[in-house]
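Here come two complexes built around subunit A, the first alongside subunit B, the second alongside subunit C.
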Partner chain A sequence: MIELIHTYWLYFLVGQFPDGPLGGLALTVLLAALALALALPVGLVLGLARVSALRAIRWPVSALVHVVRGIPLLMVIFWAYFFLPSVTGHKTEQFSTMLIALVVFDGVYLAEIVRAGIRGVPRGQFEAARALGLGYGRAMRRVVLPQALRSMLPSLVNQFVATIKETSLGYIIGLTEVSFIAAQINTQVFTHATQVYLLLGLTYFILCFGLSRLAVLAERRLGRRVPPRSVRSPGSPTPTATPTA
Partner chain B sequence: MIQFNDVNKWYDDYHALVDITETISKGEVVVVCGPSGSGKSTLIRTINRLEAIESGTITLDGQDIHRRDIDLNRLRSGIGFVFQQFNLFPHLTVLQNCTLAPVALRGTRPAQARERALALLDRVGLAHKAQAWPSELSGGQQQRVAIARALAMEPPLMLFDEPTSALDPEMVGEVLLVMRDLVRDGMTLVVVTHEMGFARDVAHRVLFMDQGRILERAEPHEFFNRPQHPRARQFLSDIRTPFAQVS
Partner chain C sequence: MPHFDSALLLRGQYHDWLLTGLHLSLALWATAFVFALPLAIIVALLRLAPSRALRALGTCYVEGIRNVPLLAHLLFWYFGAPELLPDSLKEWLYAGNFEFVAGAIALTLYTAAYMAEDIRSGMRAIPAVQFEAGRALGFGFLGTTRRVVLPQALRVTVPPLISQTLNLWKDTSIATVIGVAEMMYQAARVESASFRSAEAFAFVTAAYLTVSLLITAVAAWVHHRWPVRTL
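What follows is the complex of A and B.
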């Protein structure tokens, strides 16, 4: 195993780089990071559209959510890989294909998380912000979303971790990310399949676990700033017909 | 100041406001009362367009506020609204609750907004809680902060939607005290409330509503001593002896 690592560590980390294209773990991390960074704003916009009062906005996005949620990611990747070039006329290379597929797929899942987060904030918060004269955008940005974020965080992390793991599907279209490289190494050494895939699994675990730990820290920081909701509820309503004192 | 002209509102089939025509003058303190479901909350929520209306007009200083082309945010920033459930922003401190709107909407410099917010918090007796989170306050304190937050936009008109109904009885007084203070200042107030003591003492007029209609409009002593409409008489006797009518 030591020998295995000793021989292939650089290939595992960056693929053929700098003599060839970037690959390996570096490519996986880059793909995951870009997918997260792009899927989050997409998810936010789609999520806001899902709670929009305007049907013309809500319905098409809801349809998109239902369609994408109802098919496997692998299918989305195939579509991006085979269908997209037939529309645009030129072939999309593997990295962009995978990135587009991940952003669409995860954007839809994030949209549902955002929607649930917004729905979880009491309606009175939005009304109070609007009653002060804040517009829709400001009321969302300054009042509703900061509160929604707190309840959304665990689900967001869940989705982010899933995104990291989903990059491994790039293997199927020949993207030289870390799983693809591991498979390459496996065919070269041939007799050490268990060790190779053990190392690959460990690599994904470290990435995902690291992100989870970061999220826990973020949650603690948010928790310090925003007191928990349980102590926030106002006093129980008293009978409304109070006799004249 | 506010003029309702033949206003109607429906929730689907339910006729929530029926042919409302009413004028509220500048500096007037009007208490709206009536049994629950009578449309009184709906009525004041139409004044800042938290509720839409289906027909008729509502004008504020001569401006038809339910027209589509009106600057809604500008309209609302000139009307203070206080909710039954306070609705303070829990992720902001008491002070930040009071500076959010002036800084975001009026472009007030943060230092100036803070100073002004502190003065308002002082007025409602809570300057010492400026750095506290809303969750650390009692219900009565939260509602006083909510009033300060509304006052921060210096509105000429304040609307109160059952401001004391969600409070424990011992906290009602402190909120009413703040409201009386506003009355002394000559502010225009429309208050939906069951606090008949408040109505009797400070209101200039009482509107009694039932089933979406304003059935009676009278000065407080008239309303309490010689209610004209049978429903108003019934209502007053119900709230004076809460369980007498159960049969």
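What follows is the complex of A and C.
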């Protein structure tokens, strides 16, 4: 196994870079980060539409969310892979295909996280903001969303872990991310399939487990300053507050 | 874009391919579910066991499986694991329907890790005094779990378990990477044989969506019929 790592570690990490396109683990992380960054605004808009008071906005977006959540990510990738070229007119390469599929898919899942975050803020907060004369947009932006986003932070880190795992599907459309590179190494070495795929699993594990620990840490830190869940009598201590270490 | 030829989906060879795919997807789903549920209960019990070593074993299983994508699991079970077996056994495996078996193993282990966490949190939602009362009445650990805690925990656990079943249904699509001839595989096959991607993908999307919506409907019905009781 040591020999395997010694020969292929660079290929595994960055693919053919710098002599060729970037690949391997670097591409996996880049794709996941880019997908999540682009999916965030999409998720925010869709999430706001899901809690909108207007049916004309809420219903079509709810339908979209239900459809995308009802089909596998692979289906979304296939649609993107075969239909983006007919829309844009030229052949799209694997990276942008995968990126677009991930942004659509994650956007919809993030919309549900945003929606739950907004629902988690007590309604009185929004009503108080409106009573103070703020419009709908400003009440959302200045009062509700800042509180909602705080409670969403752990879910966002978990979503990043999920996105990293989702990028492995790029293998199917021939994107040279880390799973694809592992399969390439496997065909070159040929006799050490068990070790190659164990190493692949171990790599994902270190990356994803490390990140999920980060989510737990974020949750703990947020636990100290929980936004008020309900109206309490003034002066009563926050029951959920833990003593600072 | 050429016109949408729905006749292609209603009869003929491509229709048969897609239906065979749907059939195999459902078979893979059912097989993985039947094995995953008991395994998940065992893992959940390990996670709550009185012995520290058993708890660590359960944690290793859950974290080790959940932090690796399903695709890597599938590749490992199909290409990696048989490498450990003697050559004659390996040839026999690959000559048979091994891709289905490997797919089912990977899906079972993967889903069981998620289900175990749902069952565990369901059991933790039951107040500890219930367990203590069971023990005080003379039941053992397993007896108390089976007769007192599990019956109550299942009510809390069923809704998240149904949602895991939905995830499992969608995850069966990934088995296409190791050549399991399920629905996604057949869609790609129809696509490359006829260049009728729109028709093939529309069929498969509708099939995935129908089963998903049925599962969601079952979840809603269960939630209505057996609402979670809070003590």
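To be clear about the criterion, the second predicted complex is superposed on the first by the 211 of 245 C-alpha atoms of A that agree within 3 Å, B and C clash if a C-alpha of one lies under 4 Å from a C-alpha of the other, contacts with A are read in each partner's own complex, and residues count from 1 in each chain.
What we mean here is this: a contact is a pair of C-beta atoms (placed from the backbone, for glycine too) under 8 Å apart; a residue touches a chain by one contact, two chains touch by 3 or more.
Bear in mind that the values here come from a model prediction, so they are computed numbers and not experimental data.
By the document's definition of touching, of the two partners only subunit C reaches A:F205; subunit B does not. Legend: residue contacts after superposition of the two complexes on their common chain; A:R142 is shown touching subunit B, with no touch to subunit C.
When both complexes are overlaid on chain A, the residue A:G70 reaches subunit C alone and has no touch with subunit B. In the superposition on chain A, contact is made by A:A128 with subunit B only, not with subunit C. By the document's definition of touching, neither partner reaches A:T88: not subunit B, not subunit C. Shared contact residues of subunit A with subunit B and subunit C: none. Against subunit C, the residues of subunit A that register as touching in their complex are 66-67, 69-75, 78-79, 82-83, 86, 161, 164-166, 168-169, 171-172, 179, 182-183, 186, 191-198, 200-201, 204-205, 207-209, 212.
Interface residues of subunit A, counted against subunit B in their complex, comprise 122, 124-125, 127-135, 138, 142-143, 146-147, 150, 225-229, 231-232, 234-245.
Residue ranges on subunit B touching subunit A, taken from their complex, read 36, 48, 50, 73-79, 81, 83, 85-91, 100-101, 104-105, 133-136, 138-139, 142, 149-150, 153, 162, 165-169, 171-172, 194-197, 200, 238-242. Residue ranges on subunit C touching subunit A, taken from their complex, read 1, 63-64, 67-73, 75-76, 79-84, 170-174, 176-177, 184, 187-188, 191, 197-198, 201, 204-205, 208-209, 212-213, 216.
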